[in-house]
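Chain naming follows the written order as A, B, C and D, and within any one chain the residues start at number 1.
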Amino acid sequence: MESLIGLLVGFPLLGAAVLLCGGKRVDRTGHWLGVLLAGASFVVGAVLFLDMLGKNADERALHQHLFSWVPVESFQADVAFQLDQLSMTFVLLITGVGTLIHIYSVGYMEHDERRRRFFGYLNLFLAAMLLLVLADNYLLLYVGWEGVGLASYLLIGFWQHKPSAAVAAKKAFIVNRVGDAGLAIAIFLMFTTFGSFAFAPVLSNATEAGEGKLTAIGLMLLLAACGKSAQVPLQSWLGDAMEGPTPVSALIHAATMVTAGVYLITRSGAIFNAAPDAQTVVVVVGAVTLLYGAIVGCAKDDIKKALAGSTMSQIGYMVLAAGLGPIGYAFAIMHLVTHGFFKAGLFLGAGSVMHGMNDEVDMRRYGGLRKYMPVTFVTFGLGYLAIIGFPGLSGFFSKDQIIEAAFAKGGTQGWILGAVTLLGAAITAYYMTRVMLLTFFGEERWRQKTPSADAPSAEPAAEVHGEHGGPHPHESPRSMTIPMIVLAFGSVFAGGLFKVGDSFVHWLEPVTQFEHGHPPVSAAVVTGATVVTMLVGVGAAWLQYGRRPVPVVAPRGSLLTRAARRDLLQDDINHAVLVKPGEYLTRGLVYVDSKVVDGLVNGTAASFGGLSGRTRRLQNGFVRSYAVSMFGGAAVLVAATLLMRAV
Amino acid sequence: MSAVATAGTVPSLWTLAAEPLEAPKIEYGQLSPVIIVLGVAVLGILLEAFLPRRVRYGAQLVVTALGLVSAFAAVLGLAVTGHATTKRAVVGMGALAVDGPTLFLQGTILLVGLVSVFVFAERRLEPKSQTAHVDSFAAQPAAVPGGEGEREANAAGWTTTEVYPLLLFAVGGMLLFPAANDLLTLFIALEVFSLPLYLLCALARRRRLLSQESAVKYFLLGAFSSAFLLFGAALIYGYAGTFAYSGIARVIGNADRQTTAVLAETAGSDALLLIGGALVVMGLLFKVGAVPFHMWTPDVYQGAPTPVTGFMAAATKVAAFGALLRLLYVALEGLRWDWRPVMWGVAIVTMIAGAVIAITQTDVKRLLAYSSIAHAGFLLAGVIATEGRGVSSVLFYLGAYSFVTLGAFAVITLVRDAGGEATHLSKWAGLGRRSPLLATAFSVFLLAFAGIPATSGFIGKFAVFAAAAEGGATPLVVVGVIASAIAAFFYIRVMVLMFFSEPKADGPTVAVPSVWTTSAIAIGVVVTLVLGVFPQYFLDLASQAGVFVR
Amino acid sequence: MSPVNYVYLAALLFTIGAAGVLIRRNAIVVFMCIELMLNAANLTLIAFSRIHGNLDGQIMAFFVMVVAAAEVVVGLAIIVMMYRSRHSASVDDASLMKL
Amino acid sequence: MSFPLLTATAALPAVGAIATAAVPAARKRVAKWVALLFSVATLALAVAVLVRFDPDGERYQLTESHSWIRDFGVRYELGVDGIAAVLIALTALLLPFIIGAAWHDADDLEPTRPNRRWRPTQGFFAMMLAVEAMVVMSFAATDVFLFYVFFEAMLIPMYFLIGGFGDRAHAAGEEEAGKQRSYAAVKFLLYNLAGGLIMLAAVIGLFVVTSDQLGEGTYSLQQIVQARADGDFQLGTNTERLLFLGFFFAFAVKAPLWPLHTWLPNAMGESTAPVAVLITAVVDKVGTFAMLRFCLGLFPEASAWATPVVIVLALVSILYGALLAVGQRDMKRLIAYASISHFGFIVLGIFAMTSQGQSGATLYMVFHGVSTAALMLVAGFLISRRGSRLIADYGGVQKVAPVLAGTFLVGGLATLSLPGLAPFISEFLVLVGTFSRYPVAGIVATAGIILAALYVLLMYQRTMTGPVEKSVVREMPDLRPRELAVVAPLIALLIFFGVFPQSLTGIVNPAVEHTMSDVQKKDPKPDHPVADKGWFDYKPVDGHAGGDHK
């Protein structure tokens, strides 16, 4: 069985290699090859899963050592895989959702002349992501970690001819690099502390190291997680990443890659458990991001950016849960999985809407689409209900557990966290209802002619089609709707399935450990409060957008709204704090380099030149002055000789 | 006189006759190189007097070359028979020393002279006059520049074939110079090689005013410096009572205190010795072109006919350093602690000044003049080092340097425009594109000057600096290295001009030389590279030759 | 009179000669000053020869005279040549080459 | 006496240089093929060196030893340890690609028009091979003097390669370009020459101290190290430090280390891309290599003494180079500053004095060579299409030349050390090695990887993405087969070594252990080692060929 693990990574990697190096020869069949290999990987994953189910809980972990990778004295890095329950969960999520999105992309990217390349990048992503979750040591994880970053970079910037896409891609990579640096430093710390950075030895001996060291490692890991999972303060790239094709947003920036941070924290649970200070910081980051993303999501008119805010917020939930320690790890992962289903479904739905609306993304120009896109409406609606935590759907179960765990943290902290998560749930309900209403209900605003400027990020294609007048909404082709339907099933049932008999928690327990949290109030009260806050959010949104006509051009809005539209000024802050000073520094250094450092060198040369120019004037051509020099020289020579003797 | 004492009578012709006069013993064998060269020089004068004008060139060339070759053969013979090592001796009644340094330097000088003859003999460069090919020397030196006489002489295709005997006389003097073992011979040898050089400087065919000016300057300053040298010699004589190096060394070493009361009295005053020594050394420093006695160098190098400049730059330096070494190590060894610090100062100033002033030069010949000053500084660093390694390093350096110099000046003779040689640097722009071979050859010489590995210059510099460092003169080495770095700048500048600048439309042409200059340049390149890559044999030679007879 | 005084005189003569070289412009005069320096050296030699009681110095003096004569031959030739080209015997006029 | 493989490896390109230069001027194609053939044959020999090298054998293998210049204690001593063997292989590996990429760089200008301008194609390729020969010799020499000779001599052909052959077109006009180019060449040469001359002083100093202490001067690295181990050879603290500084200065110029780096952007910016690769990927490696072999090997205590300062300089280089790369508008200068940053990493790894740091630094030399070659050569192809080096003159290239853009991206990603590509391995090792001894330095250096992402992606974004200009479409054919043939193998290598660096670490590690024992340093121990704790499949430290664990 172990030998199959390699295939998990191998299939998509092969696909990427063939598609990217194959050239025009594979243009015609390339996308199906991509789908096939993603599917093959899923099948392998499923086989391994079934095999794993057949074993005892303690014997489920598989390990495969391929070869020694970088051996330098005590630094021993191996290429080795570890497939335990946690990895398995991710493998199924990644390959499953990944395959669906591959299928979806066949239709979505049909008219793109670079479709082959797109599938190559998607396969590359799958390979890297699988490597990330299968690695048995932090260095190999790092490879996957940056590999998914690369795939994300390539896919965000897939439409490179758009400067905004290229800039967004670069931004994503660089912000992620900050996180990566954190991961690198964490690995250095592990190496100097334990002499190893493989999961097993480090995690099983974590408690031996001092708390200071562990806190440092934990914080560095958190930094890495912040970068990859778009948590405050490294959140700024995710919104811009929506420049990528929608399937990418669904797969990478909603379902899988962005949750890698949660994986990292959960995987490193042993370290965080022994470093309470680091845990506190994790919780704070999660809580802040939760609210941050939610607030941003409320203000965006771009459907994908609204969903991106939502993603950020939901990952905030997961990070928060992971920061709670053993009482939260399992729920973090559970929410991660359910979120993977419903958020991917939502994004695919959004993509379907855009597909039918000439790539229009401004929700204020949608409205009343439910008639035109019934399948999309239904699947999107189920995803919507799941995310707001409508009782019975998967989001309800997973989110409720996190809120309970937050209360169970205990003390003031517990109350604050509980309040924050509840508030988040309310806001989630609000903005998702807003999206739903703006898109599928109300009047058909896309029929209105608007003299005002185009929506901020209309894609070029829209202009081309736009010449024929307004859009003609229509349902998407089968290849796109089927994945949406499948994901909708996941959104509806996954949570319940996991909840039944706490099966998911028990499944993960051998890896993450589990403690039952005890909230200060009974679980039923918490659940009730959750439902109530959710309903409040929905109601508020209905009052604002359901009852009244929605203006096509966004009103100016309050200060908070305007700030939220600008992502709560994240870019302005980054610009003022980092980019501008950086630019000045760079410009200054360029000046210093040419004028001071090089100037010193050139100045030395020039000063010799000047000295030379002055000295050579002594050579004035007159014999008599030459004779004077000789006479003087003789005198000096004599005097010096005598003086030497005198001294 | 013992005869007087025994006979007790007034000496008369008879008594002198009765006592057979002991003829001075002259070791003709050991002196043969000098004798051959001077003899051939005299022969050359005779040829000049009796041969018709049109055959003089050929005859002179053959005779001169033969003379130099046979003198070199004589040197070789002496060296092979052990006169450089086991049989080193003081000959000619103490006037000359035939030992390692002498033979090594004599051999070098003779080879330099021979190669110089090749360059002298070049007749392809100047436009052909009506009747004959002409060389770089004035048709009629006595004629007023631009006057009727010059025009006629030019038209007649005359040349100054006297340059060959003059060259030989100079070579003869130079052979004596490093061998001189007393101050008298030193002075005479100095004059013997200087006077012909003064004349040679004045003999350029083109730019005669400059040529004459250079002769005047060289002559006046040369005579001025030899007056100092002579006065210094007189003072040393006053101190020691003898001109012989060995005698001086003995007096300095207090060995002769008891000989005469007078001597004891004068020898008690070291001032005479110190002043005299300083003045003699100054006279030699003038010849090697050390700062501040260097000022003649650029002007004379620039004004003199380029073949002469090449000869002078190479051979004078060899001869003068030889003389300086012998003086310092044989005669003034006892004053080592007095002259060393002073020489330190001179060496440092010379290295730095030569390198720095050269940076802004715009004339190739002046540039090389300053470069030669800087090299004099490097050589002085070797002089200051101990005997043995120091001396042999200087010997090697001189051998290496002289061929580089000869080659470089030979190249300069080839770059010409309507006005003769185009020595202004701006005219060398793009030479590498027009004539890559020539530019490459010149680059080899420049790189050797700069001391880049794989050239003789590097090995020489290394030898000298290593000797200096071993002798405890580390600061000198550091200064030398810095000066080398500065000096590299202007060598590179010339290379940049040649290879990377666009050729000027009215730029000079590279004359196609005859086999003479070609072979001179080729010899220069070959020697430079061979000494750079396989130096061991020559280093062995130099180190065997590094011991003076006392 | 002590022969040492001749040495002082010679030093004086030498200095006068050197000063002449430095000061005078006419090439002939400059040359004569150099001759004066040579003669000062001669005087020194002879004085020391007397002091030491050997003949070396005197012999040297003879050589110096010969050399001086040779120098005159060469020197005058050069100076006359210069004079004919420039119609001036001033050494300051011979300053085409500089820097 | 076995076959002198190292001499052959160095001599073959030298012979190739002569053969290439000897091809008649009109047969340019022949000359190119000759050069390529020789470079490929050299690669075969270099592979033979790698194959013959036994990682677990003696420290120096394939040794050759002959007397060369006895007077200076100089021997022709060659030998490779793992580090040198790998670097020789790198040199030999890159040359065919460099030659292939430079195929048309030295063709005649405007060959069809009447004002055709001849260029010395033969010379261009001959000099490349000459550089290769000298670099191989520098890596193979275990005699300090021998090393120095080639270290210095390689400047000359490099100088002509930089100054003589620029990009075909230049925005600032041809004359201005020529000026810039010769400025760059002169700067390169003077900088390096100055460094080399200062090293010369130290080389001389080494001779003096060895002859003082060992009775006979020697430059043999093995002999000196052995003598020190036996206690026969001990340097005074100050002497050792001064000598170290002399050596280090030259290497720091060559490497180049801040603040001695300013020649590199000029040199790389003005020369053609293949020559720029030759500079940064091949020639500069000699500097860092020499730090490892000579600075640490000869002067361990002084190296330890200087470590804090060197580490700071390396850190400054990393950040400063990266920041300046961000600020560049010219893509070749950008790559040059990126290289400065990378050289900072290499020096950091060397002076961290840990196994990981030094192995990492060695691998870094190799991988940086390959990655920069890939990036720079593609940049060169790009520039050759448009005739501009300015980033702002491009845009949207990705659309019309996807393969070019793709290879450019891979080169860029290698430059920013993306995991999976070779440079990641080395950079990570350097950082880990540094961190384990100097945590703060490790963290500061890690900031460099963020900046690397910034400058690489910024350049990619500005040149390759965005809307397509009409003029770009016309001028931008995608990579031609020759160009692809040059780049593709490099990319394959980057991927291969990213996955199987073990193929090199096995060779390099033992050599690093020797160096570590030279400097008498041991890796810092982890605070809570888990090595002996055991877990179900944790491997003990010693083995590096682990099997399949269940």
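Here, contacts are C-beta pairs under 8 Å (C-beta built on N, C-alpha and C of every residue); 3 or more make two chains touch, one makes a residue touch a chain.
As the structure is a computational prediction, the values presented were derived from the model and not from experiment.
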Chain D and chain A - chains in contact with each = B
Select, from A-B and A-C, the pair of chains that is joined by more C-beta pairs in contact.
-> A-B
So which chain is farthest from chain B, going by the mean of the CA atoms in each chain?
-> A
What whole-Å value do you get for the distance between chain A and chain B if each is reduced to the mean of its CA atoms?
-> 80
Chain A and chain C: spacing of chain centres that average the CA atoms, whole Å | 96
Once you find the CA centre of chain B and the CA centre of chain C, what distance in Å lies between them?
-> 24
Inter-centroid spacing, chain D versus chain B (mean Cα positions, whole Å) = 46
Specify, in ascending order, the residues of chain B that touch 2 or more different other chains.
-> 216-217, 220, 224, 228, 298-299, 489
Multi-chain contact sites of chain A, meaning residues that touch two or more partners | 605, 616, 619, 621, 623, 627
Quick one: which residues in chain D touch 2 or more of the other chains?
-> 190
Can you identify all of the chain pairs that touch?
-> A-B, A-C, A-D, B-C, B-D
So in the complex, which bits of chain C are touching chain B?
-> 7, 10, 14, 17-18, 21, 27, 30-31, 34, 37-38, 40-42, 44-45, 47-49, 51-54, 56-57, 59-60, 63-64, 67, 70-71, 74-75, 77-79, 81-82, 84-86, 91, 94-98
Which positions of chain B touch chain A when the two form their complex?
-> 216-217, 220-221, 224-225, 228, 270-271, 274-275, 277-279, 281-282, 286, 291-293, 295-296, 298-299, 337-339, 341-342, 345-346, 353, 356-361, 486, 489
Would you tell me which residues of chain D are touching chain B in their complex?
-> 67-72, 120, 123, 148-150, 152-153, 155-156, 159-160, 163-164, 175, 178, 181-182, 185-186, 189-190, 193-194, 197-198, 200-201, 203-205, 207-208, 211
Inside the complex, what are the residues of chain A that reach chain C?
-> 616-617, 619-624, 627-628, 631
Would you tell me which residues of chain B are touching chain C in their complex?
-> 141-142, 144-145, 183-184, 187-188, 191, 195, 198-199, 202, 208-210, 212-217, 219-220, 223-224, 227-228, 230-231, 233-235, 237-238, 241-243, 260, 262-263, 266, 298-299, 302-303
